[in-house]
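Following this message is one structure expressed as structure tokens.
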């Protein structure tokens, strides 16, 4: 009944490093920590995230940090919780990972409170400076948008202090495409 | 101060395999992936889930896949996020695991939006084909049901494309019992 | 391209023990399990949690159990889900850990439904009886409070059975300070 194969010590160690890499990704987005965020990607990272009404495509670390800093700015509340990583090695120095995201995005400018779940499909690459995110895609499992409840009080809001103020934000429209028929993509 | 005992390499490897097994379980439910779901259980799996107003009891892998496919169908939004596994070995080829679930179930037919948390108590068994779920129970920590907010737009809905259409759904009532006094079970 | 350093088997084993330690912490709070909760802390644990409108400061295991049992009592619904641990060793017998919390607290006495996210910054210490929580702080990423939706039915509520009834609750005000300007702390 015993299976001979299993993870090696090095693989288990790598899995832990990759899990902590992605943990930092989520934490840095929601806390406006762009300096640490920049350390998580390869130079040539490619991003392709398919949301409910949008598609985000970004190439390169600097652009990705610029996008995240400008989108998850001092006006909005961002919550990205990543769960149940399924990571497998495609080579000794490359791994693929699926994460199940739960997120919330409260945008008072658009008066939208967006919640949902997505499946991330990542590629991680070992570099001399540790494991990095080399590619990241996601597809939405569900997304629901409501107007912000006027009875809701925001009683803590870290990004209000740490997120980019209006004058430091890039125009993110170059990375985004919008589509009409969101439920039947 | 040092403790002699700890996990062995094989145990740490097994823990990783079991975590990824349960990760696939949650992902397959929410994406309508019945083919992969069928690979996660032993033939003789037993299920006993105690919800707010319901109790689900299923025996056998085929029945479980039939139940899940018919319940998490193209009409509904399903979200199952599993957290903080506490897994311990009861023998070299068997393990027990507790997972803390957060879930949401939006059912437009009943006009209910159900959210909650549960504690899963699982048994995993090593087979020639890897670790499988041999038994699974849960108890509800809390559950809250509201009518679906008419101001909410569902802007992404994967199960609408991948879930079972009405003509392929089994009658799930044989596996479910309902009780009145949900808060005092 | 290969990195020489990685986690040792003992470190990976310790990381697993620490993850399960914190898993028990969340589970015990939400299920009113004070007996098991008391086993998770060092005698001299220090707690400093900065919420939206409150700051909780507690010293010592007995006081912490008293606080949790009295706060997460039979009247309220409590949900604490911990995610994406980032744990690093500061010495062979001490580790620091960051966890990303998602929580909900439904308090019918105050008529508040509070949801939010926090970043825990913990210190864990190895003892002859296993790893324990020696210190724990958190800062809020966001917190949102709404009156309880009158259309919401609580259809399962474990703490109603397991949480402290009014006559066994301590006065928690000695551990809490309240501040006015919650969004600009």
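Letters are used for the chains, namely A, B and C, taken in the order the chains are written, and counting of residues starts over at 1 for each.
Going forward, contacts are C-beta pairs under 8 Å (C-beta built on N, C-alpha and C of every residue); 3 or more make two chains touch, one makes a residue touch a chain.
Values in this document were obtained by computation on a predicted structure and should not be read as measured data.
Visitor: Expressed in ° and rounded to a multiple of 5, what is the rotation angle of the C-alpha superposition of chain B on chain C?
Guide: 120
Visitor: Give a one-word verdict, same or different, on whether chain A and chain C use largely identical residue numbers at their interface, taking over half shared as same.
Guide: Chain A vs chain C: different; shared/all numbers falls short of half.
Visitor: Taking the mean of the CA coordinates per chain, how far is chain A from chain C in Å?
Guide: Computed value for the inter-centroid distance: 25 Å.
Visitor: Specify, in ascending order, the residues of chain B that touch 2 or more different other chains.
Guide: Residues 9, 12, 81, 83, 102.
Visitor: State the interface residues of chain A toward chain C in the complex, per the touch definition above.
Guide: These residues of chain A touch chain C: 9-10, 12-14, 16-17, 19-20, 22-24, 26-27, 30-31, 77, 79, 81-83, 92-93, 102, 106, 126-128, 130, 149, 151-161.
Visitor: Write out the stretch or stretches of chain B touching chain C in their complex.
Guide: Checking each residue of chain B against chain C gives 1-3, 6-9, 12, 15, 51-53, 81, 83-87, 98, 100, 102, 114, 116-117, 119, 139-147, 182-185.
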